[in-house]
Amino acid sequence: MVPTNYYLLLSAILFGLGVIAFVFKRNIITIFMSIELMLNAVNLAFVAFSQARGQTDGQVFVLFVIVVAAAEAAVGLGIVILTARNRQSLNVEKVDLLKL
Amino acid sequence: MTSFLQANATLIITLIKIALILFIVLTVNAYLTWFERKVVAHMQSRWGPHRVGPHGLLQPAADGLKFLLKEDPTPAGVDRPTYFLAPLMALALSLTSIAIIPFGPQSLHVFGYEIKLQIADLNIGLLALFAITALGVYGVALAGWSSNSKYPLLGGLRSSAQMVSYELALTMSVVGVLLMAGSFDLRKIIDQQAAHAQWGIFGWNLWPQVLGFVCFAIAAVAETNRVPFDLPEAESELVAGFHTEYASFKFAMFFIAEYTSMITVSALCTIMFFGGWLSPFPVSWTFTHYLPSVILIPFGLWVIWDGIRYETIWGRIVLPGIGTVIAAIGAALIVFPAANEFIQGPFWLLGKILFFLFVYVWLRGTLPRFRYDQLMSFGWKLLLPVSIANVIITAFILLLRGPAK
Amino acid sequence: MAFALDYLWIIPLLPLLGSGINGLFGKKWPNSIVSFVALGSTGLSFLFALEAVREFFANGQQLVHRHYFNWISAGSFTAGFDLQMDQLTVVMVLVVTGVGFLIHIYSTGYMAHEGGYYRFFSYLNLFMFFMLILVLAANYALLFVGWEGVGLCSYLLIGFYFLRKSASDAGNKAFIVNRIGDFGFMLGMFLLFRTFGTLSFHTTDLKGIFDLAVSGQWAGVHESWGQFGTFTIACLLLFMGATGKSAQLPLYVWLPDAMEGPTPVSALIHAATMVTAGVYVVARSHVLFAHSETAMVVVAVVGCATALFAATIGLVQTDIKKVLAYSTVSQLGYMFLACGVGAYTAGIFHLMTHAFFKALLFLAAGSVIHAMGGEQDMLKMGGLGGKIKKTYATMLMATLAIAGIWPFAGFFSKDSILFHTFQKEPGGQILYGVGLFTALLTSFYMFRLVFLTFTGKPRFDEHHVHVHESPNSMVVPLMILALLSLVGGWFAFPALWGGPDYFSAFLQPVFGAPEAAGAEAAAHNMELILSGVALVTALIGLAIAWWLYISRPDKPKQLAQSMQPAYKTLLNKYYVDELYDAVVVKPLMWLSTNVFWKIVDVGGIDGTVNGIASGARSIGDTVRHAQSGNTRSYAVWVVIGALIIIAVVLFWPSSGPAVGMVR
Amino acid sequence: MTPQLIIFFVLAAIAVLGAASLIFQRHPIHSALSLIVVMVALAGLYLLMGADFVAAVQIIVYGGAIMVLFIFVIMLLNAGIEERTNASQMARFAGIPLTVALLGILAVAIFRSQIASQPAQLADTHKISLMLFREFVYPFELTSFLILVAILGALVLAQRES
């Protein structure tokens, strides 16, 4: 059987990779994806803890996280579509003004 | 050697089962195309395929050969990895989904090894199935995108939108059944319907869940991109939709994937609403157990008689052979009661699946295609609300009835 | 049993109510209601004061001291809303309410056609309230409230015609000059508090200022008996306030300008009551002054000097109210002279009589102005005697009184002042001489005023100016005051033939036995002689005036020609205003313009504010670059934040293994 | 080296590689695909931990809905290869070290923590549903509201102003 620390370490690594992606990707959509990646890493940690403690609440949290992620994706992608429509660019470094 | 076999017996058995299922499914797929073409042809008062082999029975083989031997050009400017990945994904996913379908209640006993008529018996079977179907979208969408051409792109967009939309309705429509069964396990769902075995057909989920069934049927057709929901491959507007740029075997993969998912969905529908392997007659009527033979023997005899008066020599030789095999199987079932008992479940299950496949073809022969906006509004504004209403009603009734089990 | 004494606060409260009602609602009301409210409140408080006095006498003239509530209580300092009533208060309260009531009546007639009727009466009632608080107060703090309040009312009323710039300027002048005096007054209060630890006059446990000053049981007793000790300084500071309020040298300059206000105001505030507050304070604090010869001398000299000074100016003024104003100043000088020589009785006596006849003079002058349709220059009058007889008669009586002709009130009071001054050792004779000369001048310029105004040929165009007698609402008060200024002095009548001086006897509990109690008989003879001398002096002044302005009307001009420089000097009031303007006002303006405005305000304050603003802007200008709008930079910031937080959670000593707590 | 460990390491390797390729792929679609890979691998890990319901939901919602939405949007906007601009100096120079520091500190945290890991027991769906609808019913309702709001927001954003 697998020690919980392994799961935690894996989730930490995934989280770090997500952060790196968040910092180094220029495409808004990809940055969104990196956020999702971080959320997934956190989920992994949640499940690992719940398994370690033999309790279910961690998995419930994961469900909540997934719901929130879904909502976030819906709204966020709507915003992305608008941005792309108005700026003709998905590069965050080109989208650095509040006004058009 | 034997020790090794004994050591990993389960693994080996599983592998054998997988191979067997794959073979069966692919063959069935092949002959499904023949079946479809024949049925549609007769609906349109044509002959359909009848050149290759008697009654065109070798037509699928010819098609398969053609697919294998045809040149496979890769269009310029495609996104290669995705372009190759997409059909693989579609096929793999649809084939995987078969693994979860149970084909019979009892399990076979060979050399003291128990062999279930099911590859993976998960206690979240249904969820797993939906998970796999959910991933099925990618095949289509990626194919459309990667072929770097506008028709496929549009087809991919359409299909991804359509599948995501109808997946919701599909999932919601079975929730009622899940509530009644209290489990995701397909076997448990069938057993729950078996609770009223003496009612026969009236013990099935079809009746309490009729709303759910209607929603499920429609959503299923849409989910498999079949007529009248085959907008992703609408010839008239999008040439061939997402697989326009695919040729030969890659195209075949999509083709097989589509028919496989048809089978899966039919099986699912059977299990959910039509009592799976339960016979439509009350269990007390034991004489109905001879129905398989009663059906098979006359069918075999008819095939022999028909074969004898066939135009070609080849036919006059082959068809009677097939007929005798079928008739023999029927006779054997009468001779060996144990085999008869064992065959009951699979017989009914396959019979029902066949029926649903016929319905698919029937729809294709009958209905015109939806317009895209109609499709969307239908899915979101009618199907989803109705299925949700079904969930609510079911939950309410169950609440009144008190805790399940 | 003693209802009115237990509820002394009703006396000031009534005018306050009247003021409030008129001030808040009077604007919409017709004059009749306004005057009803005003007169009603004042009259009621006058009656109530009478009742209080009756009970006071019924109680055997015990000092009444009532504590109503704690007004200020800060640390060791507590000042209660305490009212007290003793003989001095009785006199003051009666004068204030009585004369005030009469003047209210007069005002209803005089102000009938003026705008802001309700405003005028609201102010006037407010003034009554503060004045009563001042005279009833049982501690310096409360007294100061009244003190400042009357100053405020005087400011408001002087500037009553605020559309006239001269009026508002006069108001400002009065206010500012008074501030100087009040500054001294406050310092005096602080010093007293520091010395005695309290501000109340008397307390039941004999811990009040005066009790302590008498008994000498107070901290720092050792260092304060010297001539320049605490008492001297305190008294001089208080006296500084008094000079401001009572228009003594060098702060008298505001009073003549105060004549810009309506005449009743001049009568009530700037003749009868407010300006005498200074005298009242000095008299009230006589216990302190008694401890400091120096202060006494200063008071006496200042008073005497002021009397002479103002009288000389009064000689040549032609504006009728200005003359009266200067005479007021000079009479106040007399009172301070009395206080300075320790004859508080005489001072208060003169205060009372002066209240009567000076109020009368002003009111009569007001009547004259009324008759002349606003004309104030005596050179444009003359021959009015026949046309406005009542005014003429009353004015004449008042003049006789102020000139000190027997048997009018002024004679007795002024006579007792001069007598006590003469008896004062050392240097009393000199002061007496000056006072006597001042008396001569006084009677001269007063009769000059009367003759110029009422006798001789009219010096105005009779067709344009329609001279008419004033309405009864104005004449009746004149008559009452005339009667008072006739009999007001008769308390001291018996003293002439050695009988008791009832007034001083009455005030004795407050001021103690009068000086020179020793040689009664000698003093009595001396007093007779001095009285004669004073009477003769007054008559001489009368004679000169007659000679100059009736028998030889051309003479004054020749005189003015012959001694041009003196005449000019007097006419310009010794150039005092110019002097102050040059010495005080101009430098102050320069200072505030070039230092406080251009350097302190612009450079310092605005500089600080703008500096802060610009600093914020520059900081923002640099920090602004952090907000590049580039999401990736933000992401990095977020990472930094996450790092810090996790590091804190992990490595903070107290927080422990926040992550590893899972078991 | 039990079979679970082997499976774990395989899946972990897949996940990490997927995440890495999410970073290194230049085309958003490829990044999305690699993210899907990560998610599937994570679902496998959940199964390994006996959280099969979560695994299924992970694939259905994340894989079947959210990522589809992503890919759909990418296709809709026809997003191309992302250009590697470097406007943000902070990200350019401070990014890597900071992230490494973050990873390090997390690792420290993990190794500091001593967690008794238990054998994976099947947390059956029944238990989860009970917890979800009894203890966490209010958060559950809140999430439903959240979704409603999200739907409305998406509608408002998506409709073209006419």
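Chains: A, B, C and D, in written order; residue numbering restarts at 1 for each.
The rule is simple: contacts are C-beta pairs under 8 Å (C-beta built on N, C-alpha and C of every residue); 3 or more make two chains touch, one makes a residue touch a chain.
Just so it is clear, the model here is predicted, and its values are computed rather than measured.
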Chain with minimal offset from the mean of all protein Cα atoms: A
Contact-richer chain pair (by C-beta pairs counted) among B-D and A-D: A-D
Label of the chain whose CA centroid is most distant from the centroid of chain B: C
Centre-to-centre distance between chain D and chain B (centres being mean Cα positions), rounded to whole Å: 32
Inter-centroid spacing, chain B versus chain A (mean Cα positions, whole Å): 36
Centre-to-centre distance between chain C and chain B (centres being mean Cα positions), rounded to whole Å: 115
For chain A paired with chain D, centre-to-centre distance based on mean C-alpha positions, whole Å: 6
Residues of chain D whose C-beta touches two or more other chains: 53, 57, 65, 69, 74, 76, 87-88, 91, 95, 99, 102, 106, 110, 113, 115-116
Residues of chain C touching at least two other chains: 628, 630, 632, 635-636, 639, 662-663
Per-residue overlap in chain B, given as positions that touch at least 2 other chains: none
Every chain pair in contact, whichever chains are involved: A-C, A-D, B-D, C-D
Parts of chain B lying in touch with chain D, wherever the complex brings them together: 79, 81-82, 85, 122-124, 127-128, 130-131, 133-135, 137-138, 141-142, 144-146, 153, 156-157, 160-161, 163-164, 167, 171, 184
Residue ranges of chain D in contact with chain C within the complex: 87-91, 94-95, 98-99, 101-102, 105-106, 108-110, 112-116
Chain D-facing residues of chain A, complex: 1-10, 12-21, 23-27, 29-30, 32-34, 36-37, 40, 43-44, 47-54, 56-57, 59-60, 62-64, 66-75, 77-82, 84, 90-91, 93-94, 96
Residues on chain D engaged by chain B in the complex (per definition of touch): 27, 29-30, 33, 36, 43, 52-53, 56-57, 59-60, 63-65, 68-69, 71-72, 74-76, 78, 124-125
Chain A - residues contacting chain C, complex: 19, 22-24, 26, 31, 49, 52-53, 92-93, 95-98
